[in-house]
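We just call them A, B, C and D in the order they show up, numbering each chain from 1.
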Amino acid sequence: MVRKMIAVIGGSECDEKGIELAEKLGEAIAKKGATLICGGRGGVMEAACRGAKKFNGLTIGLLPSLDKKDANSFVDIVIPTGLGYARNFIVAQAGDAVIAIAGSAGTLSEMAIAWFSDKPVIALESSGGWAKKLAGEAIDSRRTDVVHSASTPGEAVEIAFNVLGWE
Amino acid sequence: MVRKMIAVIGGSECDEKGIELAEKLGEAIAKKGATLICGGRGGVMEAACRGAKKFNGLTIGLLPSLDKKDANSFVDIVIPTGLGYARNFIVAQAGDAVIAIAGSAGTLSEMAIAWFSDKPVIALESSGGWAKKLAGEAIDSRRTDVVHSASTPGEAVEIAFNVLGWE
Amino acid sequence: MVRKMIAVIGGSECDEKGIELAEKLGEAIAKKGATLICGGRGGVMEAACRGAKKFNGLTIGLLPSLDKKDANSFVDIVIPTGLGYARNFIVAQAGDAVIAIAGSAGTLSEMAIAWFSDKPVIALESSGGWAKKLAGEAIDSRRTDVVHSASTPGEAVEIAFNVLGWE
Amino acid sequence: MVRKMIAVIGGSECDEKGIELAEKLGEAIAKKGATLICGGRGGVMEAACRGAKKFNGLTIGLLPSLDKKDANSFVDIVIPTGLGYARNFIVAQAGDAVIAIAGSAGTLSEMAIAWFSDKPVIALESSGGWAKKLAGEAIDSRRTDVVHSASTPGEAVEIAFNVLGWE
């Protein structure tokens, strides 16, 4: 059966608060039985995967490089793309919904990609960075309903499930 | 823990013999506990996924399109790349080994990609097509040991496990 | 000799003011002898190419599709990528500098890509859209000098030449 | 006006004979007024660009890396893709026809890509390598007319122009 998939985006460098939120987010995704997909590296990505594995969730990492060893140690399924940052496109596309934590320009590009793909984006406002700046903003006047704002990891996952009509 | 991954490549159109071999191949991969990754479409890909699901294997499909609905119904994890045939690169890279069944030009390109990535390629000789033509051939004089030839699906999986040093 | 290349990013849909600015931008790029690279489609991209051809500039279009016929009629060199929106990455990388006009989420993603690639981005503030919103903003605290704001097309090109140390 | 484009594919390492043929091929393409597109690196690619520049041809290089400095010194338009070997797909797509010289697995993959894209492929038989092995072969029974064999660079360009109906 097709797995429910949630993409987590956020930088490989992140402050302690972002890391904590990312870990809680991974836990929340796994508890709801969804699969977590991300860029497979450190920082937000590693913390989210670590959280998911605590609850026996399945984790997927789409690496920019061709070397499977570049994945963090909480990734179950390592997919080395060799596409560099263009792999951000695939991360954004692969999630049924995309949850953003903190983040700088790389995360912003992924949020923008998800937006113009009409994919639900949930910004974890409390994490700061671009997730905060864009939370609730109508990035494109034609798509004002695409962007959602959450204040906790649990709320972010709940919004994703609601928007997608999942149980 | 990082999953063992076997990529299966082969055309979306295929004769009956190729389909049967692909299904057996999927079964053999699942029985050994490996994850099957493929292009997610019909023909060889669908048959291999169907075989894997019979034995409760995990299946991943990297689609050329952006529409998750384009996946065959035996794919658990659907990754829509939007890259068109360039997704062939990622399929070839994602497997720890690549097993080819029958196939025309698309399959040949994937075999060539795996070769120049120094990834073990096992051609299922009995399936015909390019898999047969290239079985055992030294595609590049510097990499004569990369290409392997198998006569049954079970043997193909065994070769993959041996070459990779897996139990 | 390696050509000087300026990437122009902006939407395929755009109001009249953006179109006028884009055409002037194309003219300014061609007059300075630089090559214009863009996504090859309509709207801002077509207007910029049209402007460049008035002054005999060279124009390159990187299409999302595989069909060369999808290019606007002012593109000299048509490169069909088949990568969908992932071609945005290449557009942003191919310019020595990137100039943004108006634009919605697609343009925002390209600006963000240019930013995290440490490539000079010049936002044509007067054109509105995301170009305006991000003009002068420090998108990432580590890269505060990367973003430039221009009020006219001519000024945008001049900033690009200055930043790059071109005559 | 849209430029006529010929893609040249062949390895970055090549024997002297292949280099000579590649240079002559670049000359022949430029003399006929076509634009040469290639992977932008050394070996066959550099020799072909060098030949084209002797006759004032325009040369384009699609690099695997993100660093424009990786281009050979005869490339006019440097497009750094950051896609690694997946840039092979774009090289094959960007030519209206594809001419292959010598080559190992990388070249074979590009020939196969051109084939399944129904793009005319001309293999320079005299250069050896995969170009020779596949010259004239019906790589896929459904597309027996796609592959052409040429014995000299001039003949290869002439076949391309004939097949495409160019003057």
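FYI, contacts are C-beta pairs under 8 Å (C-beta built on N, C-alpha and C of every residue); 3 or more make two chains touch, one makes a residue touch a chain.
All figures in this text were calculated on a predicted structure; none of them were measured in a lab.
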| item | value |
| --- | --- |
| Subunit D and subunit C - chains in contact with each | A, B |
| Farthest-lying chain, centroid of Cα atoms versus that of subunit B | C |
| Gap in Å, rounded to a whole number, between the CA centres of subunit D and subunit A | 40 |
| Distance between the centres, which are taken as Cα means, of subunit D and subunit B, whole angstrom | 29 |
| Touching two or more other chains - residues of subunit D | 66, 82-86, 89-90, 117 |
| Overall pattern in which the protein chains touch one another (line/ring/star/complete/other) | complete |
| Subunit A-touching residues of subunit C, taken from the complex the two chains share | 83-86, 89-90, 104-106, 108-109, 112-113, 115-117, 130, 139-143 |
| Subunit D partner contacts - residues on subunit C that touch it in the complex | 1-3, 5, 35, 37, 60, 62, 66, 68, 71, 75-83, 89-90, 93-94, 96, 117 |
| Subunit C contact footprint on subunit B (complex, rising order) | 66, 82-86 |
